[in-house]
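Before anything else, here is the set of structures, which you'll find just below.
Two complexes come next, and they have one chain in common, subunit A, joined by subunit B in the first and subunit C in the second.
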Partner chain A sequence: MAAARAPVMVLADPGDSPGCVAGLSARHSLGHGVAICLPQPGPGSAQALAGDLLIALGKFPGALAAEHLSRRGRELAGLWLRAEQVQDLVVLRADRLPARCWTSLAALAAAAGTRLWLVVHRAAASPGQLAALARPPAGPRPWRAALAILPGPGKTGPAFPAVPDVEFPLFRAAARRLLDPAAFAYVDAIYLDTRARARACAALLRHEGTEASVGERAAAVLQQLTIDAASAGEVLTRMRAAQAGLFAEGLFLDPSVHAARGWRNNQPRLDHATVTRLRGLADPAAAAAITLTRATGIRPDQLGALRCCDVSDSEAGLSVRTRGVTYRLPARAAGPVRAVVLDRVGTGDVTANREPLFTGAAGAQLTGRQLHKLCSQGATWAGVTLSCSPCWLPDHTVTDLRDAARAVS
Partner chain B sequence: MTSRPSRAATRRLAINWPLVEQRRIAAGLTQAQLTDRIRGGALTGRGRLWTDADHDDVPLGLLERLCRVLDLHPAELFRPPARAAHRRALASEQPPADATVLEAALATITVPAGTTGTPIGMAALAGALGWSLDRLGTAVAALTEQLTGAGTRIDADPVPAGTPIRGLRARDRYLTSDQRAALHRLRRPRPPLDAKAAEVLDVIARDPRALTECHRDLDPEVVIALQQRGIIRRHPRGDSLELTDDAQFSLAPGEGAYIPVRALTFSWRRPLTSRVVSSDILVSFHTPSRAGAGSAAGKVSGVRASLPGAMKSESDTCIMKDDHGPRFASLTSKTRAGGG
Partner chain C sequence: MSGRHFLDIDQAVVLPTAQLAMVDQAVADLVTRQAMGAVHGPAGLGKTFAVEQALARRRGQVAACWVSFPSRPTMRLVAATLLAELTGDPPARRRDRFALSAELLEQLADHRARDGRERLVVVDEAQQLNRECIEFLRYLHDHRLTRFALLLIGGDGTWQVLSREPMLRSRIYRRVVREPLSGGQVCALLPRYHPIYATASADLLLFVDDHFAHGNLRDWASFTATAVDLCQATGADQLDEQITRNAFALHGGVRAAAAGIR
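Now for the complex of A and B:
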């Protein structure tokens, strides 16, 4: 994929037109694998370049210094480039960077399998800069050529509409009655998809003999089915679809029991704003610990027990398996967890790696107390809260209706 | 000398049974309980009181008790005569503006001073009025603009039922009876659906003929609660309980209507379009008595579709489809509700 591409492309903007910076900056979308970097004016030191790259990757300005990670700047830039799976890295005003920065950028991009676009705002790059590249490109291309190749600006879909808060036996009918046809079609597609996935999860809830209790499995199933939601209305839609799907399989899921109130707040665990804030952290461990806490609700001591092999990657996101249940992270929030795995084991195979996921400076597994502190500090820096739905539900949240039906009929 | 038309043909009043049924469910009574309360068992019997159209000899005392138990005005107990209905239809040709209806609705759900009300969300209010959320939003904006000059403010969500809104005109004539009943229900929050109700619902969803209100293992309160929520209903021409159309749509999307089969001829309630009439239909069926499933094809003729004799047992279920997807159908010999 990346190897088949030209690793480095030089784009020329001889007139230094404002349209070039504006047009290319509009293509910035980490979700689509495009990062636009605008280096700060200056001598172009390696540390400054790393900081600029991290800002392009969504980190807060000054994050390295605030998190005491200034010495790891270049390493972290490469790490986050891989973790966020950036396909195209565009560096504006690259003509102002010294040749050694071109070498550094090319090396980072090659290691991450990223296509590098260097934009020079003059007729051509200097011979020294071109010589710094291991494989100099054929020649500068007009900057507009990149617009045809880079993915278009992210088209945000319609906002999820407000949906009626009615119980699952009537939810879909109420939504059809209260929403306009286009909004209902949008809601219904998510409802039907989630319902179908919930039906497939029924066997998991009935399956005995696993380490996890029924309540823990129910919480994990709900987490998997609702974690993609980015708004309160979408959480409610997915929750009702999950209830309807399980009901079709003879299971009644009652999230209204007292101890399950955390599940009734209907707030998305990882909405877009939260993901953007978490992405601002430069420390992979802190970002991953907070992401996992918010996504799954597991406690710090359970976080400490996670191992690298518990995390598996797929196109739809990440899966984290612990204590007999599996949690899911949406693709938009997978970067931090992917980063901490890469930080621990590099690019090797993680499936057999039983190293702890969170370790201290000496390589020892972090305790629950240390992870709690890490999460608290990171949450303060990122400006997010750690509270979310718990990772368990009472066992009586799930009732097998087919057992009771025999008595009735 | 002209002969006067018979009294029965011109001035006869018919009891509004759909409204009685609605109020019975709202009151949380089974048919048997209602019959006991109005002491009408000996006179009416179950089949007669609820389905017979000839009530000329029903004593006034019974009607009075019916009104009292169901909180009905005597005028509401009867369907309006044809001329009155016609007059009312003419008068309502100009529907009131949505803002006017909303004002009447807000006045209805506002609780008296000193009383704690229940917050009511926009979706619940839209559902009670039978409007879309967009329409309600537009009406709220219009009413807010109207009330600005009067110094009254409306919180959009939740509707401030906990504090009385002064300055609203309670013109409930602009509300339909359905809207009034739905708004009334909004003021009494229901407990969430529990496992006990879900068990009953599961049995009814899987086999619509399995249960009646009188089933010995059923808690009448559970059945009534499900009816009040509009999840199940009593079959119009029988005692069995079945899912409402809304519940069917929500719980079994895309699965069409499961219909117990006793006859092989189907008819549609609504007229079919010519496109559908000319198309072939396919009925897939599942027979518990025989292993596996199968299908039978037939041709629609007029509003009927005849199928080869493939299903014989009452316990057979089938789902009817044609070129345009699943369709609700009703059976001719053992008629069941359905839609086109």
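Now for the complex of A and C:
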């Protein structure tokens, strides 16, 4: 992690070349842990720098003022830096920033374990700026050196193919027949992975010793298996793979029953555009509440019951455990929930922290009504809807074929 | 926006100068590359007209936003003026520069999502800008959230402002220097400019140019408007020396040439 790296690097671009700004800006990718910050010209101030940092962290320009958080600018910049797990923060035109801003940036980066790259568009940083750093770097490096170290811009994969909308027993054969070989290979890799994971979830659906109903557990399993999908075709592929995997374990999952009509919508819960918009919110509570609502479909009163220890981090994203079931958030959407946990408990161990996840100014747990309002306002500001598949399915959606076989015999 | 002749002279045509073609090509290149460019030269050489012509030819591909500022504006004024032009709303008085900048970043986002056209911001009279305002425009242009081409049009002093800072100068992808027409260009082009010059001798054209217009298109337009009126009053259909001298008199006599550009 970044703690083992040099905490601050100074990059020199003596000619202030257009290629430097363009080349480094192209490396901006929060998904790969790289944030590129371009401070506004003019006399640098802590408030302005915080706003610029938050824009680099994906917040909407002007989010602080719009969400009435102007007084928390610097604090939120540090919080989101940690929540988005930014590995490298590149600050362009750092030579225009006063020394106190260098101190501030270095402190924020150190607290987040982030490597800080300060780009000076001249031969070297001023003595005052270097003195502002607790551990001044050895000397400026050419800006191109960063291109060899920072992760390259993420390649956008091919668009998910339009898959056949047929029932699960026919899905794979129909996809093989209708798609070209490359498209089928792409779809089938996701299908096989999801099917294997679904088979591992069968025991969970049969397990009786939990407070959650079969339908709630089935909904949670489907959420875990489909939440990574970023397109309607991918949702359908993962859904059919989940049905096929459970069927191989003797469970028939039929989300097409009338009472499960909320699940007939194949739209992804957290596609890339939605994640980008949710990331635009500066308020951790609003961003997290909407992300959780979109990801899981749980109601505001259920959101209010969540505690910090219900959230656990992993390589693949976040897990949220509530009412006996576990939901998953993909890594690309984990930032907002991680941010609200950090906002509540800081950097310490949260596994034993039973504090409510969503609290008001006085520290009291937010009610369902308050969370509903928070979500509605945030969703309007972010330009996303709150509707998605609910967090439950009717119990009769799942049929254990072993039980049925026993009954027949 | 379509290009309009100065004084709207009836039957006047656009002179197909090499510089007009250069401006047209520069606008096309800037829009393609989303780059910064400059068209500069002394007043009256048709800089704005040339850009208007280029944009009129690309109305379907380019959404142009024209702004100009008073002398030595502040960054806040630049932000407020540009935002007002982009949104069509009057400038907000009580908002600070940071709030205005934040909204500008959103307004200057990729315009193609709206109607498929690229955005070009044209700053007229760019010689009025000081270094910090050009720096602010460059900030907007460099920001990864924005996508637009930037064209600075200005008179004398524009290039001095830009070239003073290598960082600004190095970003100018296309530069067109508008210069007065040479004597040869006057003789070759003016007969096509208006019917009253169709049969005018080279000596007469050079006489007008040497004593009045000095290769300046705006001065040629002024002279032509007056000469056309005099021709109509006297029933002449061609310019002659008498009409020329009368036109000089109506303009207050002959004019000295402006200082050359650097």
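Keep in mind that, in the parts below, the second predicted complex is superposed on the first by the 405 of 409 C-alpha atoms of A that agree within 3 Å, B and C clash if a C-alpha of one lies under 4 Å from a C-alpha of the other, contacts with A are read in each partner's own complex, and residues count from 1 in each chain.
By our rule, a residue touches a chain if its C-beta (ideal position, glycine included) is under 8 Å from a C-beta of that chain, and two chains touch if they have at least 3 such contacts.
Note that the structure is predicted; figures quoted are calculated from it, not measured.
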**Item:** subunit C versus subunit B on the shared subunit A, clash or fit after superposition
**Value:** fit
**Message:** Per the contact definition in the header, classify A:Arg369: touching subunit B only (first), subunit C only (second), both, or neither.
**Reply:** neither
**Prompt:** Taking the superposition as given, does A:Arg195 touch the first partner, subunit B, the second, subunit C, both, or neither?
**Reply:** first
**Message:** For A:Leu178 in the superposed arrangement: first (subunit B), second (subunit C), both or neither?
**Reply:** first
**Item:** Touching partner for A:Val21 - first (subunit B), second (subunit C), both, neither
**Value:** second
**Asked** Which partner does A:Val166 contact after superposing on A: first (subunit B), second (subunit C), both, neither?
**Response** first
**First, second, both or neither for A:Ala244, with subunit B first and subunit C second** = first
**Prompt:** Is A:Phe252 in contact with subunit B, with subunit C, with both, or with neither (first, second, both, neither)?
**Reply:** first
**Message:** Quick one: is A:Ala48 in contact with subunit B, with subunit C, with both, or with neither? Answer first, second, both or neither.
**Reply:** second
**Prompt:** At the Cα centre of subunit A, what angle separates the centres of subunit B and subunit C, to the nearest 10 degrees?
**Reply:** 100
**Fill in**
Once both structures are superposed, the least CA distance from subunit B to subunit C in Å comes to 23
**Asked** Hey, which residues of subunit B end up touching subunit A in the complex?
**Response** 121-124, 126-127, 130-134, 192-195, 198-203, 205-207, 210-211, 215, 217-218, 229-231, 245-247, 249-254
**Complete:** The residues of subunit C that touch subunit A in their complex are 75, 97-99, 101-103, 105-106, 132, 135-136, 139, 142-145, 166-167, 170-171
**Item:** Sites on subunit A touched by subunit C in the complex
**Value:** 15-18, 21-22, 25, 28, 36, 38, 40-42, 47-48, 51, 55, 60-62, 65, 92, 121
**Request:** Could you please specify the touching residues of subunit A with respect to subunit B in the complex?
**Result:** 161-174, 176-180, 188, 191-192, 195, 244, 247-248, 250, 252, 254, 256, 396, 399, 401-402, 404-405, 407-409
